[in-house]
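In the two assemblies presented below, chain A is common to both, partnered first by chain B and then by chain C.
Take a look at the complex of A and B:
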């Protein structure tokens, strides 16, 4: 065809592709005012969007992300104790009983906890005739002790239980069920925050299999890899079609729960067995979750009224801008502290990051204000000067900012002063000149705003002579794969965030910088032994360890002394500088026009789905 | 009746009239011209093609002079120091701002779109010329061999051409560039490192068959001409015949079809970069700039308009030139 025609056609196709992939944002629909006051009505179908599915198909022993924690807490699984799904200043971080009648009795020496269960609580169909008993919680912990079943999860939280580390999926010595409604837990050492650990979904009860009473793991037997597809609910909701599951046939012939199609959709309907629950209001009748699409696509759907909320991402800045300008939607923009930190990690076994002076130089040089701006600015949180959020330290360390810079924009002068003391800066001019500072392998997420973050970090670090070799890829299949694997020698992983697992500073210690989390989120390899380092091919023989400090604080009972211990641990972390914290994160939600009673679940760091209701009951 | 004044448009490949033509013969009416000379004479009459040439020359000047332009404007292509000035509180970019010398506005990290478009010209033109050069070398070699030797050689080479033409181009290119671009070492023990070189190689690899086919066809018809027999009777070997007799006479179509491949290769690189598997992040590319813009152009139209416009105009210019050359090659096909 003629040159002009051909060129026009091809460019038009390009433009169309760009539009299709990007979407035209800001639909411009006017929001209707959400009714204030008055009764919140039950009923209706809540329509949610997620740009990406959870990574372990709702297997409770494997899932370890805020999104799955919220769906487990609000809707699917009850535990012995639980948080109410409210804002922090509304009691959201206060533990209360759920299936247990009350909080556990603790022995004087702190080594024994006793839980008394409510009676008459039944599982969702098809096991509506099966009552929840103490043995069901033992079953969950047995599965948690199986390294294959709890891969990518958090089994280390239950190591203090006697016999847990040796159980490997079998019986656990320290768990006792004197009768059907009593669970006694014996610990090897005092663990002040232990009751919190029994709120996590990995401890949710697993029912026995009525067709196979001898199965040690009950209905989870034979489903080591994917129990989430056969999940039996205890919460106000269950996956639609759960009742069609048949546990009388062998495990490999059982049909999966039809209400959840991984990567595509999830539908929750009311659980007819749900009863005796003071924690969850559960207003809506049905929750439909559509999985897939970019945040821009989901934003367009919310503006158009096809979806009520996007749960997964950060709302696009242009959508926030449009809503901020819309007088009818002012109270539909929500920003709540998520007790989380976004930070950059440095592999302390990879030169030049094996030198603390280099790490401290980077602490000074990073322009945290610019990083936050790429995410959407001050709405998305306060700049972080230290690692453990002060909300978990009872307010301690809130003025502690050892690497402070003017407006958080970075301080090149101080950075150079640190770098000049490094062995990698041979002429001591503050700019690294050793070959180790060139081609430093950085592994990052490829979704916005991480590519923008990379541009800023490349610029920042170049000012002290560090040249990053930036690789981007999918968060789960590429970035976590490389950053969490010590053998891959990733030096710099900047797209990292961590959120509390429960309201105790311990959840920021061992899971992120403890040696038991190497191969998981201890990306800086803190606490690695010389043998381990050699085995992974590193030339560096020694890295700092925080294990002793963490063990000291973990043993303490809850109270002021424990808080002070963790505050000191925070200072030790910042002095050693394995990470550069830059944002105390806020969760920003834009709730659709139909939503009333928006509530924030501070325990999970997301909207509280069991508290959301629809205007007019969804009529 | 008047004598027709037009040159004798003898569509000939005969070297007799060409290589041995009377130098500067100024007899009325009939002047010996080589096919190349004819090509360029006719080309000069095509106004659109000339506009294309001028545009390409301008783009080359801008591309070569991109660092100078960046210095004059005061913004390096990856300079993020103006991020706070050229974005609002939510981090959304600001548009053209003459006071700060941001003629085309800023992108999502405050980089100068104008300077990046200039550097993007470097990427597009480099890839276009290098990739096309690679395609040219391989295509001419294979086409010459296939057309000249015929028989088994031709069969094997022609099947090779068919195979490469049948490969799923985009999928393979995506796979190759992302696999070899994922690690520091690259593929083939460090031979294929991520970057402009790898992308050019990949694009060149997928475009040589077009040239090979054209060359093969031309060579097949040429090798039967008398001048080849004449050369052979004078004792010329195969290689000499291929390079001194046949190749010069295939030059014209080669030039034409090579030029027509260039816009495809420019768009190919843009597509790969748009999909995130083209040149590395630090190298500005019109394709990736379009990708960056795709999420945000509803509030930042400048991020899409300028790279898109330059991509469009450059591709159009090469298409015009190529069309002009093709029309000049064979006026019977001119529209």
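Take a look at the complex of A and C:
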């Protein structure tokens, strides 16, 4: 059996070195990262605000966003392995054991992972007498294999498990539980990042129903659409009132957890069953989350001391400016790399973007600095010179920027030089003058700052003769509908962003440029076959593919070789230029006056709620 | 009157059907995109979309889809806003659960605001009418002009800024700000004054309108012959105004009041959003911005129901107020 601890440590060392060399936070400190002690007092009620609720009422098989991931990790659900909720340069991307005694044992062929569970871990009330066993993880993966239960989630990450894709909510051939504290997972192919996938909340244990031991999905039985309302915690916190849930009655008669009122509020209290946890310090006693309100309303409440933090996303520009001007608040402004990238996409099957020279010309001409200004400036991220964030590459490629321009403001001269080599520049003067250069369909988001971005891009591309026909609409029902549908022939989709699911470059490559993601986020149609292109009505018969490179890297075990492979894939992407990355995103938080020990969870991309503490323990 | 009521009840059903048809048509025929995309989440495959469309019934003929939704509008247990169809795409919560939970907040807001605008608008309108062209009248009309001109979203933020944010800085005390804290019942929220600012922000524009309406109606009524007769008979001016003049002047006000209250029961969208009140209006806003069609359909028909019923009620009340009106 091959232990994978060394490779995890190597990854962490590279990440540490990379962050030391690369850009860091834009303003203020990021707080100490000591999980225990360090003068931090326990106690108090943390008051948070959210302008909008999560998207699936905390159903762990459905939730697929940073906000819910953080609440699951910090507070509600433990998994076999987990990240510590720290900054990347403080070991935040270093996987460690959680309910498992140690990281899994991996077979020599990379096809079998064995997890040994700690004993004596119990669920929160009302199931405080029920111990977490290996079968509970099987139950979670069974539910994950049910397309309806895992709708909007990420079941594709578990397809390598033998029998997972055929299970449809039933038993999974590749999962074994030789005893209550051992889980053996058999894969169909080597999947080097598999341990990362077992840190995701969808794999959190689902307890059996003591009143109905025959229920295959335990307490989740009968709750295909709303299991989150009946969630049983294993983490340091639980929903207030969890103890009132009664699983002895049929599912449709069970009372929902009163501590979570969708769209209104959420209250977490300490889980009395929580024990044997080296991952989470959990300083505060209680977390109250008020859901709803505009961003200005929440900002005013933070300024007035009624809230400690707004987790919604970007604070209002006026508030950031006010705090930046206040010398007493510098330590309360936090900007951390979110391991996400914002980028423009070009449909490689749509002229003129079927020509790599045109794509490279656009790489040069885009004024990335101007685009960043529409988001608020350098505080909100570093200009991106390549696609996969270096923090996911162990620091590799941090200086790689093949289309660099002065101050990131675009280089029209170099852009024209590329364009002059294109078949769409008939007189080789650096201006795209073929008919295909006019009326290029661009589909964008209608929410700020994308309208401002559109104006910049229209101007940038016009300098090399490309005229955009910009259409804007709702992100989900219009933009995604057009950009993600090959038959729509959307040529240019500039309002795209992608963020990691866990700290591995695999979460960037295949989902955005792999052929299996055509119809999803492979907007450039990388890897599309000639038959597919013809079927969608394209005259272009061939487009580049990254599938082979992605497959090569995906199969590698965690470690330096895998990181180098992904770094090479990143370079291949940039040479082929299907996308124009322009910003390595940063998450900006403003922490209220009561908060001490602000810490950023690099794995989720949000403030680390189990590390937050209150001054004086909230007294 | 019995036949009239039956006719109006049938008319109510017809109106609700038309409203539901229009809502359904607008949602599905205008180019707003594919609702299945919203449900699909981040990773979308063609197979996923097909499965979601099937689960949501979006692959069925339009008339079948409408039938499924229309069934959920029948006020019968098991049918009304049933969970099988009326399920929020955005957060997987039944529409009925959201509406029933939010309705008390909206009712509280609507009733409180309506009392406030009557208490403000009627006296100002009456005094303005009686003391025409006086300083009070001028001030009253200025108030009315301000009230109908100031947009509610601006007014709400200004009130929050002054009475909550600034008062705390100036005096160390303030009226409660936006939102209803967790763990606090609706009654506790009312008693702690959390509805004061929303009530007055919402009431102000209505009060301004009612001021002008009452003033205008009363001035017109007070010039009627029977008022001159009442004065000639030697009745006290107070009696003339309040017993004879006001009754006729307020009849249209009653009609308007019923309709305005019914409109608010469907959700004061801007007020609830700005003040972060978890009512029907906020739910409507969230449903629209998230393209949550079951939610949109549910609140639209609910709002229409309130207005149509209110129309019926005010018509009946009108008959009692004005003996000249009879229904058959």
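Definition applied: the second predicted complex is superposed on the first by the 444 of 619 C-alpha atoms of A that agree within 3 Å, B and C clash if a C-alpha of one lies under 4 Å from a C-alpha of the other, contacts with A are read in each partner's own complex, and residues count from 1 in each chain.
Criterion: a contact is a pair of C-beta atoms (placed from the backbone, for glycine too) under 8 Å apart; a residue touches a chain by one contact, two chains touch by 3 or more.
Everything numeric in this text was worked out from a predicted model, so none of it was measured.
Visitor: Between chain B (first) and chain C (second), which, if any, makes contact with A:463: first, second, both or neither?
Guide: A:463 contacts neither chain B nor chain C.
Visitor: Based on the superposed arrangement, let me know which partner A:511 touches: chain B (first), chain C (second), both, or neither?
Guide: Second partner only.
Visitor: Just checking: does A:294 make contact with chain B only, chain C only, both, or neither of them? Give me first, second, both or neither.
Guide: both
Visitor: Which partner chains sit in contact with A:45 here, chain B, chain C, both or neither? Use first/second/both/neither.
Guide: A:45: touches no partner chain.
Visitor: Please work out whether A:262 is in contact with chain B alone, chain C alone, both, or neither, and reply first, second, both or neither.
Guide: A:262 sits against chain C, while chain B stays out of touch.
Visitor: When the two structures are overlaid on chain A, which partner does A:188 contact: first (chain B), second (chain C), both, or neither?
Guide: So A:188 meets neither chain B nor chain C here.
Visitor: For A:473, using the defined touch cut-off, is the partner it touches chain B, chain C, both, or neither? Pick first, second, both or neither.
Guide: After superposition on chain A, A:473 lies in contact with both partners, chain B and chain C.
Visitor: Under the contact rule defined above, give the chain A residues that sit at the interface with chain B and also at the interface with chain C.
Guide: Common interface on chain A, chain B vs chain C: 294, 296, 473, 478.
Visitor: Across the complex, what residues on chain A touch chain B?
Guide: Chain A residues touching chain B: 2-4, 6-8, 10-11, 14-15, 17-19, 21-22, 24-26, 294, 296, 316-318, 320-321, 369-370, 373-379, 439, 441, 446, 448-449, 451-452, 454-456, 458-459, 469-473, 478.
Visitor: Can you name the residues of chain C that touch chain A in the complex?
Guide: 31-35, 37-46, 48-49, 51-52, 55, 87, 90-93, 98, 101, 157, 160, 164-165, 168, 177-183, 273-274, 276, 278, 282-283, 286, 290-291
Visitor: Using the touch definition up top, name the residues of chain B that touch chain A in the complex.
Guide: My answer: residues 48, 78-81, 83-84, 87-92, 108-109, 111, 182-184, 263, 267, 270-271, 274, 276, 280-282, 290-291, 293-299, 304, 308, 311-312, 315-316, 319-320, 322-323, 335.
Visitor: Can you name the residues of chain A that touch chain C in the complex?
Guide: Residues of chain A touching chain C: 52-57, 59, 62, 64-65, 147-148, 151-154, 156, 225-226, 228, 261-267, 288-290, 292-294, 296-297, 300-301, 303-304, 306, 473-474, 476-478, 480-481, 484, 511, 517, 519-521.
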